[in-house]
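By letter and in written order, the chains are A, B, C and D; residue numbering begins at 1 in each of them.
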Amino acid sequence: MDHFAVWIAAFLTMGIVSFLYKDNPWYKLSEAIFVGISAGYWFIALFWDSIYSKFWLGKEADPFLWVGVFLGVLMLLRLIPKIGWISRWPLAFIVGCTSGLYLINFLASNLMRQVQATIQPLFGPDFGASLYAAVGSIVIVVGTFSGLVYFFFSKEHKGAFGATAKLGIWFIMITFGASFGYTVMSRMSLLIGRIDFLLTDWLGLIR
Amino acid sequence: MSTRMKELLTVAVIAVVSVILYLGKVQGWMTGFSFSPTVSYIVIAIITLALLYILYRTIQGKLVDRRTVFVFVAVGVSLPFFMSISQKMPISPEVQQLYEAVAELPPGSKVLVSFDYDPPSAPELQPMAQAFLQYAMRHDLKLIIMGLWPQGPQQANMALEVALADPEIVAKNLEYGVDYVNMGFQVGNEFVIQRMGSDFKSMFPTDYSGHPYEELPLLKNIRNFSNIDFSFNLSAGYPGTQEWVQVAVDRYGLKMGAGNTAVQAPMIYPFLNAGQLNGLLGGMNGAAEFERTVGLLGKGTRFMLSQSFAHVIVIAFILIGNVAFFLGDRKKNQ
Amino acid sequence: MSKGNRKYTPGRCALSAVLLTALGLILAGVPVATAQESSPVDTSVVTDSLKTVSLLPVTDVEVRDNPNDEGGTVRISWRPSTDDSLGRVALYFIYRAVAADGPFEKIGEVTAGTFSLLDGNASDDSSYYYCVVALDTKSAKAGLTPDMLVGLPTAGPVSSSAQWFNFQRINTFVACILLTTFILLMIQQAKSGKKLFIRKIAGLEAVDEAVGRATEMGRKIFYVPGTQDMDNVQTIAGVTILGRVAEMAAQYETWLQVPVSRSLVLVTAREVVKEAYSKAGRPDAYHEDQVHYLTDDQFGYAAAIDGMVVREKPATIFYMGAFYAESLILAETGNASGAIQIAGTAMPSQLPFFVASCDYTLIGEELFAASAYLSREPKLLGSLKGQDMGKALILVAIIIGTLLETFGIWDFSRLFSVID
Amino acid sequence: MRREVPLFITLIVGVVFVLQYFIPHYPFNRMNGWFSDWFSIVAAFAIWLGALNLLKISFMKIINRKSDWFYALVIILSFGLMVTVGFAGGEAYREPGTVFSWLYDHVYTPLSATMFAILAFFVASASYRAFRARNLEASLLLGAAFFVMLGRVPIGDWLTSFLPEGYRLPQLATWIMNFPQTAGQRAIMIGIALGLVSTSLRIILGIERSHLGSE
C-alpha cells in the first residue's frame, strides 16, 4: 500500500511538472483531479470546521451564531431566481463588516504604527557604530518620505516634487529587488523540497 | 513523425523508465549514491561550461528556449544532493536576535508556538520548526502549540516527533500536557488571536486530541497572553505573522519572534525595524542559520548547497539575458 | 448624484467631527468616574512569621481596575522594597483573596526590579484583596505557606470593570475622524464642480487599449479577482474594477470571462457584471456562466486557470485583487501565451513578478485608486484627493517629528503610539 | 428595497465595526469574534453555490460533448469521491488512517506542493526573459536582487571573503533588507493603508456601490 501511495504521488507530481514542457493529457488529468479533489476538500472542511464544530460539538452554541445561519440561508436564496436579490443583504452585511474592520486595523497597525517607527532621531544610538548604521536611519526617513510622495495622485510629478517622487520610485524599486531576491530563494527551497521527495521517498537514492 | 506517434512514444518511454526506476528502488541499485569531491568539482565545471555555451549562443543572437532554462534549474538543484562540499555560513543579526531572545528565557518559561502553514511550504518552515522545538525542549521551555491553518497542527506533530526522538530530550522524560501540548487548529484567522488575547480557553476548549483544557496541567494558569513569556510564529501567508503582530503584539503586548517563508520575510522587516518583533528567520537560509546558532544541524543546512547553486544559476541567467539585451540594443542603434 | 449624499457639506462635516470627538471624551470620562479608589496600605507592621523567612517590607501597594479594557483585569503596583536597591530581593510574590482576612492564593510572581503586575483572572462581579511580599533567594526557594500571610497588610477591596471607551486609542480615533473629514470635504468640493487634477496612472490608461485589442483579435478577456474572499478589501476593490472593465467589454461586444475561487466572490462578481452590462445598454449580452467558480484551493485554482489560458488563448488578462504565490504561475503562463496583461495588487511580495511579467502593473495604493480613476466620477475622484490630504499630513508629521526627535526636543512619535 | 436596504445595512454595520475598536465594553468586545464566526458560516453555506456551479458547468461540458469533456467527468468524479469520504468519515474525517486523510496526503498534498514548486522554474525563466536593466529603475531592482540573492547564501560570503568583516555581501544584504528595503516597504504599506481606509469609507458611505448590483 505504501509503495502504491508513493507512486500515485509521484505520478501526479510528474503530471504537473510535464506542463513545463507543454500542455498535455497527463497535465490535464492531474489538473482535473486537482480541481475536483481540492474543491471537495474545502467543501468538506468548511462543513466540519465552520458549521459542525460550532453547533454540534457538544459545547453551548453562542446564540449570536444564529445570525450567521440566517445570513447563510439568505445567501442560498440565490438559487431561487425570483427572490435571488435578497442575497444582497448578507453580502452587504459581509462587505460592511469587512470595510469597518479593515479600516481600523490598517489605520492602527499599518499607518499609525509605521509612521511612529519612521519618526526617529536621524543620528540614532548606533550612529558612528558603523557606516551602515549611520546611513541607515537617514535612509529610512528619506526613503519612506519620498516613497509616499510617489503615491500622490492629485499633483503632477514635476519640479522638486517630481524629483522627490523619482527618488521614491527608486526606493520602491530596491524594495522590489529585495523582494524578488527573497522570492527566488523561497521558490528554489520549495523545489528542493520536492526534489528531495522524488530522490529520497520515491527513488530511494538518498538515505 | 506524426504527433500521435510522438505521444505514444513518450508514453512508452515513460513506462519503461518507470519500470527501471521501480526495479532500481526494490533492488537498491543506487541507494546512498554520492559524488566524491573531485567528481563534484568536475560536475560544477561542466555546468559552468554549459552556461558559458548559452552565453555564447545568446551573444550570437539566439535566445534559448525557456525549457532550456527549466532543465538547468532542475539539474542545478538536483545534483548538489549527491555532493558533499562544506560551506561556511555567517549568522545574520535578525537570526542572532531571535536566538538571544529565546536563550535568555529562564527554564520553565511558557512559549506559544503557532504553526500557520501547510505541507507545500514545509520545505522552508519545517526545518525551523524542528530546530526551534528541539532547542526549546533541551532548555526546559514549556511549549504550547497551535495552528491558524488547518494543517498546522499536523506539521507540528511531525516536528515534535523528531524533537522527542533526540536522545538528550528522551533523557528528560518529558510528559504531554505538562511540558508540551498541541492545542490543534481553530477557524477564524486573526479573530482567534484576538479572543486568545482576552480568553485563551474560549478558543481552545480542548487540545488536538480532545483532552479538555482543565485537564492539562500546563494550561492551568494560562488565561491570556499576559501568561505567555514568548511566542514564535511560523508563517507562510495569511493568517500569519502580520496578523499576530497587529493583534497579539500591538494590542496585548506579547513578545514575539517569527519564522517566515522567504517570500513573506521582506514584508515583515518593517515590523522588525519598528521593534514589534524579536528576531526573524527568513526562508531556508534563516532556518540553516538558526540550526547553526543552536547547534542542531538539520535539513536546512543540508539543502543550502542546492540553494547556493540555484541562486547562482538564476543570477547567471539574468546576466545572460542582459547581455543579449545590451547587444541587441547596440545593433538597433547602429 | 443621489439626494442622499447632499448632507455632507463642509460645515456639517466639521460639526460632526467636533460632536464625535466630544462624544469620545464623554465616554472616556465614564471610567474615570467609576474606577475604584486605590487604597494605600499601612506597611509598618511586619509580623514575626515573616521575619523567619526573611520577608522584606513592600510599601504603598496600590490596586485599581486596569483602565481601557473589557474588564477582568486588576493592576497591582507597589513601591520597591528598600532592600530591592541593595540587591537582596529576588522575587515578589503576589497573593489574592476575596476577603480582607484571607484565605490568600498566590496569583503570580515577578522578579526584582518589576513593581507591577496585571491580574487577568479577576471577575467583574467580585471584589478582591491583594498582598505583595518580597523574598530573597533562599526564602523564595523554601516557599510560603498560607498561614505565614496572616496579619499581613492587604490592599483592597477592588473590582475590575469594563469601560465604554478606550482612551489609549484616542489618537487613532482622531486620525479616523480627520481622514473621514478630509475625504468627505473633498467629495463635497468635487461635486460642487471644482476641477480636480489626477495624475496619469499608466496601467489604467491601458485598460481601454487592452479591451480594444481583444475585440480586434476576436478573442476573450479573462478577469482574475485573486484568491481571497470577500472579507478582504483588495478583493472588493478588484470586483469594483471588474464593473468598469465589464462595462467596456459590453460596449465592445467582447466575451469577458471571470473564473473565481470563492463562492461569495462568485455571487458578487455576477451582480457586478450584470449591472455593468445593463449600464452599457447590453443586458441581453450578459450570460450568467461568464462568471464561474473553480475551487477554493489556491493552487488548484492556479492550475485550472493555467489550463484555460493555454487552451483558450485570451487576448487580454486582468489580475486585480489579493494575490499570493499563484501570481507568478498565472502571469508567466499568460505571458508565454502572448496575452496583454494588466495587474494590480497591494501584496508587496507579489508586485515584482507582476512588474516583470505583465505589461502594466498597479502598485499598492494605485489599486484602490483604480475604480475612481476609471469611472471619473467626481465623488470618487474627490475621495482620492482627500486621501492625498491625509498623505500630506503624514509627510508634514514626518518632517516635524524627525526634527524634534533629532534635536531631542520632544518625543513626537509617541503621538502615533497604538500599543495598549 | 433592492438597493436601499443593502446600502443601509452596509452603513450601519460598517460604522459599528469601526466603533468597536474604541469600545472595550461588552458586546463590542465580542464583535470581532462574531463577525469571524458569521463569515465562516456564510462561507460554508455559500460554497454550495460554488460547488453547484462547478458541477453544472462540468455536466454541461459532458452533455454537449465539448472537447475535453472527459476531464470534466474526472472533475465530477474526484469531487464526488472527496465529498463522499469526507462526510462518511464523520467528525474525525481528518484523522490519520481515514480514506480522506489518505487522499489528502497522497493526492492533494503532492499536487499542491508541486504546483507550488514549479514556481522555481517560472522564477528562473522570468528572470532570464523579463528582468532587463532597461533604465535606472530596473537597474536598481536588479542590483538589489543581485546583492540579496548572493548575500543570503554561503557562496556570497565566500566570494567576498577578501573584504573586512562587516562589509561583506551578507552584511550588505542585511543592510539592504533593514534600511532601503524597509523604507520602500513602509511607504507602500502606509500608502496601502490610506487607500484601504478611503475605499472602506466609500463603501460604508455607499459612494462605492457597484458590488451590490443593479436595481
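Note that a residue touches a chain if its C-beta (ideal position, glycine included) is under 8 Å from a C-beta of that chain, and two chains touch if they have at least 3 such contacts.
Source: prediction; values computed, not measured.
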Contact pairs, highest-scoring chain pair: A-D
Centroid from C-alpha atoms only, then distance chain B to chain C, rounded to Å. What do you get? 28
If you average the CA atoms of chain A and of chain B, how far apart do the two points sit, in angstrom? 17
Indicate the whole-number Å distance between the mean C-alpha point of chain A and the mean C-alpha point of chain D. 3
Check: chain C positions touching at least 2 other chains come out as 70, 169, 172, 176, 179, 231, 233, 236, 264, 267-268, 271, 294-297, 299-300, 303, 311, 325, 328, 348-349, 352-353, 355-356, 363-366, 369, 384, 387, 391, 394, 418
When you check chain B against every other chain, which residues touch at least two of them? 66, 70, 73-74, 77, 120-122, 150, 187, 190, 198, 250, 263, 266-267, 270, 273, 282-283, 285, 307, 310-311, 314
Listed in rising order, chain D residues that touch 2 or more other chains are 18, 21, 29, 32, 35, 37, 39-40, 42-43, 46-51, 54, 68, 94, 109, 111-113, 115-123, 125, 127, 129, 131, 141-142, 145-146, 149, 152-153, 171, 177-178, 181-182, 185-186, 188-192, 194, 196-197, 199-201, 203, 211-213
How are the chains arranged in terms of who touches whom: line, ring, star, complete or other? complete
Looking at the complex, which residues from chain B come into contact with chain D? 66, 69-70, 72-74, 77, 87-90, 92-94, 118-122, 150, 187-192, 194-195, 198, 266-267, 269-270, 272-273, 282-283, 285, 304, 307-308, 310-315, 317-318, 320-322, 325-326
Applying the document's contact rule, which stretches of chain C touch chain D when the two form their complex? 4-5, 24, 27, 68-71, 162-166, 169, 172-173, 176, 179-180, 183-184, 187, 229, 231, 233, 236-237, 239-240, 243, 262-264, 266-268, 271-272, 274-276, 278-279, 289, 292-300, 302-303, 311, 325, 328-329, 332, 335, 346, 348, 352-353, 355-357, 363-369, 371, 379-380, 383-384, 386-387, 390-391, 394
In the complex formed with chain D, which residues of chain A make contact? 5-6, 8-10, 12-13, 16-17, 19-20, 28-44, 46-52, 54, 57, 62, 64-65, 67-69, 71-73, 75-76, 78-79, 85, 88-104, 106-108, 110-111, 114-115, 117-118, 130, 132, 135-137, 139-148, 150-151, 168-185, 187-188, 190-191, 193-194, 197
The residues of chain C that touch chain B in their complex are 70, 72, 118, 120-121, 228, 299, 324-325, 336, 348-349, 418-420
Listed in rising order, chain C residues that touch chain A in their complex are 169, 171-172, 175-176, 179, 196-199, 201, 230-233, 236, 264, 267-268, 271, 294-297, 299-300, 303-304, 306-307, 310-311, 328, 348-349, 351-353, 355-356, 363-366, 369, 384-385, 387-388, 391, 394-395, 397-399, 401-402, 405-406, 408, 412-418
